[in-house]
Amino acid sequence: MDATADQRYVITLSCPDTTGIVARIAGFLADAGGWITEAGYHSDPDTGWFFTRQVVRADSLPYGVDELRDRFAQVAAELGGQTDWTVTDTAVPKRAVLLVTKEPHCLHDLLGRVAAGELPVQLDAVIGNHDELGDIVRAHGVPFHHVEFPPPGNVRYAVEKEKAFDELSGLVEGYDPDAIVLARFMQILPAQVCRAWAGRALNIHHSFLPSFVGARPYHQAYARGVKLIGATCHYVTPDLDAGPIIEQDVIRVDHSDTASDMVRRGRDIERLVLARGLRWHLEDRVLVHGNKTVVFR
Amino acid sequence: MDATADQRYVITLSCPDTTGIVARIAGFLADAGGWITEAGYHSDPDTGWFFTRQVVRADSLPYGVDELRDRFAQVAAELGGQTDWTVTDTAVPKRAVLLVTKEPHCLHDLLGRVAAGELPVQLDAVIGNHDELGDIVRAHGVPFHHVEFPPPGNVRYAVEKEKAFDELSGLVEGYDPDAIVLARFMQILPAQVCRAWAGRALNIHHSFLPSFVGARPYHQAYARGVKLIGATCHYVTPDLDAGPIIEQDVIRVDHSDTASDMVRRGRDIERLVLARGLRWHLEDRVLVHGNKTVVFR
Amino acid sequence: MDATADQRYVITLSCPDTTGIVARIAGFLADAGGWITEAGYHSDPDTGWFFTRQVVRADSLPYGVDELRDRFAQVAAELGGQTDWTVTDTAVPKRAVLLVTKEPHCLHDLLGRVAAGELPVQLDAVIGNHDELGDIVRAHGVPFHHVEFPPPGNVRYAVEKEKAFDELSGLVEGYDPDAIVLARFMQILPAQVCRAWAGRALNIHHSFLPSFVGARPYHQAYARGVKLIGATCHYVTPDLDAGPIIEQDVIRVDHSDTASDMVRRGRDIERLVLARGLRWHLEDRVLVHGNKTVVFR
Amino acid sequence: MDATADQRYVITLSCPDTTGIVARIAGFLADAGGWITEAGYHSDPDTGWFFTRQVVRADSLPYGVDELRDRFAQVAAELGGQTDWTVTDTAVPKRAVLLVTKEPHCLHDLLGRVAAGELPVQLDAVIGNHDELGDIVRAHGVPFHHVEFPPPGNVRYAVEKEKAFDELSGLVEGYDPDAIVLARFMQILPAQVCRAWAGRALNIHHSFLPSFVGARPYHQAYARGVKLIGATCHYVTPDLDAGPIIEQDVIRVDHSDTASDMVRRGRDIERLVLARGLRWHLEDRVLVHGNKTVVFR
């Protein structure tokens, strides 16, 4: 299949910083006739690390994505053993699985965006630990799976929960998704699941982290009397609410907003922040280093 | 039926400003034992006009909304012949009809908000001049009507369009809605329709008005090289894009955003601004005076 | 002296909520012919407390501020022993004292605003624990006092610091100011000073509290990889950085911002947030209740 | 003099886009051992133009800025006759002249920023067509020149104004500044002055252009009932308020804001937007192409 005019190859790379990296990559692409349409660079003075994201017109290269990957692997290898890199093809849609509970707003928002063609993603499935949201998911033509989780007071809670997570993990892995989106999925993931999904699982936390870690952040915000409330999209790690932050935003509140007003109004920020974070993840704009992200917007 | 603890009566009033209006209204409510939970006042120095919105617990009054309306009519009458007022009951949901074309994002957003119970509204119908969006509307259990509009080049364009608008108006009036939401309905309403729907029809314009009136505002914004793009929710009047503004917001763009990036990114603002404007309209927070609004948030 | 057309009396009141408070106050003002130009009300459902701020044209009342105060005292008394109220006269400028160290940006900003007539304040003095900023203060025609504080390593640190705070307190009390502004004054106030200045001392904290309490908040923010940084204007209380919040705001940062970029860029927010908080305080727009504020903007 | 660790050379370049430009420039720098600390690229699909800004550690190159300029001239020449480029040295401070009338807020803000070392600039002079602001300028140790302009009703208005502009131009040119900042200078520059200062003269317009072009924009905004007001920093061109936009921002207003409230509140945005635009200009972050800017932040 010939490349279309819109098709792009997206290259990301991070490695210890040194002189000549840009020249090496740019030279490699120029030699192949590569037409760069976007290029981002970041040199981190603290960690001494270098990051780049380059977007190349597929039809400007004499070969396809597999050969680009093979050839680029050699460039990356020359840059040392700590080099981390990816080459992706915008003609191959990224695939996502959403995890939900009962809170519908992020789900509705993402379904709407997918239906409107706003997000470069193939939505493979939605998995819920409740089944309330199944109907709307199916109405959008997306498979919905219900994985039952034990209620908190259950005597066999720990065992049942482990079983539920096994089932959930199995389902997710069956899709092998590029993005696992916790769209207000109110369960804390076990550490081994966090590790298995590292760099692929995005959560939306309903506060401006690191303020109000943990449960009921809007109620915490209300009690403290803050004048802005926010939301945070971050990668999931075994440390609760402490993963690398992808995106955050806030809105203004005042004394007339009750805790439930904050819950309602915060949804607007949760929707937006999750949608933006997910888009950037899908477009390979987010490079993680330690507990921080470089986001090439 | 007895009033519930959450039920409220919402009073709005505007009239020429004079001393003692607040005392008159507050005294009237106090005499009846009315418990005010929200009160907004605005005294406009330029026009010499006074505006208020008061929210009273229904269960604090010894009578229902009809008697409140009768009694309040006398208070209003004392304030002169130019007084404009409303009394509504939150136990009676406001009803809305949406008008759409093919652009799905505002529709999906509003359907999601209604499904999530975020908006105090009963969505009676969606009417489209195309039928693309019918399926998702019906999946939400909302009636969808398709009113065919003539294509621009049609020889009998004027006649056919008038007929289409007659059909549309008839359908809308059949629902007698409190809000008629042009959720990216890309047709210019005839003046007599604007007049018939005055104060009930809300439009979302995809620019920060008064910048970029008319067609393709994002392309105009791109050509001018602005650093922020916006959206405007306003009441529809016979003057195109010139009605009273309810709400506006913007997002930052830069040189890397193409006109189509602006179209896509602007949708986030359109969704939010329309949803906020609609909520305030439904909650009787918006008082119109001349070509401006007082919004008691 | 007769009241000018611009002169206003500003009434604030808070008390346990009950039916008829608005009517009582509005009736009192209406009986005297009072022309209300601004009125804010807030009824707090959690604490059951009521708050109001009313602005009356001085020339609409048949008496001056002293008699208004006497008469209003009776209204307030009827509302119970927990009632808290103030009556101020915009013709009597509020007076402020600023406390500074070496960081010049908030000082320059406030001096510029005072010089431009933007803030309704008489700036009585600036007191610094260093003398670097004395020249610019004097160039603005404002007295500057230098109170030497002991360096951290000093053997008699505790004693010397107490002496320094005694001198500082004495100076401040000599001016009896309505506002004591810690314009990046980098000393922690002793508890008894906090108590003496309660409700009058405003601090600007260089983070979006409650994130990053304590020292070097921008460096904490950098280390956490947040995508927004902020500032908080709050009343000073004995609990460090935990007083009632008056105003907050944020700006966007990204991976390319170093900790020193954040320090520099954060200054824009510190300036704005402090100037807004101070203006609202001076205009009697801020009512404190427990550890929260009601801000009638 | 040896390069210090903080010294940087800043390269900007724009030219018709083609394959290999990045490689050519990166290769040139890599060959000389150049350590790139910041790099921005933009490829404009509409105009087919390429833009870059690169920052190199001075101490990583074996030669100084003059030789870098000579050598880079050859690289630029290879990229064709339409190539536009600059090489600057952060060790040589940019120089600015400010033009003012009586409005003090932008002047105070910029003087404060310069005093605080926040802006990488040497402020050579301030020129006013009134002398009210002379004292504060001189208190900052900056020369102030008063150029008298004729009052609008003057019979010899045109002749006198031309004379005044001749004197003003002469003064400005005597300083040969990198930036000529119209800090609320309320005179319309003659076309030949605009042309002489092209790319160096920055204006702050007190509206969110292209809304409210011309006089009294806040009053226009008030009359239209907009919900946000803004400010725009742009390069001055002979077309009034129509030059390339560098930066814009807005703040929220509502019905309670009078036109004078908007004037006052707008100053906060004017200050910020002008300070940001000026900083980016001084740091060679702004590349102009046609009537638009590329801003590498």
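Every chain is named by a letter (A, B, C and D) in the order it is written, and numbering of its residues begins at 1.
In this text, a residue touches a chain if its C-beta (ideal position, glycine included) is under 8 Å from a C-beta of that chain, and two chains touch if they have at least 3 such contacts.
Since this is a predicted model, take the numbers as computed values, not measurements.
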{"item": "More contacts between chains, A-B or B-D", "value": "B-D"}
{"item": "Centre-of-Cα separation between chain B and chain A, whole angstrom", "value": "35"}
{"item": "Whole-Å gap between the CA centroids of chain B and chain D", "value": "42"}
{"item": "Contacts with two or more other chains, residues of chain D listed in rising order", "value": "38, 45, 256, 297"}
{"item": "Chain contact topology (line, ring, star, complete or other)", "value": "complete"}
{"item": "Contact footprint of chain C on chain D as seen in their complex", "value": "38, 104-105, 108-109, 111-113, 115-116, 118, 136, 139-140, 256, 264, 267-268, 272, 275, 297"}
{"item": "Residues of chain D defined as touching chain B within the complex", "value": "42, 44-46, 51, 208-212, 224-228, 230, 244-250, 254-256, 258, 291-295, 297"}
{"item": "For the chain D and chain A complex, residues of the former touching the latter", "value": "19-20, 22-24, 26-27, 29-31, 33-41, 43, 45, 60"}
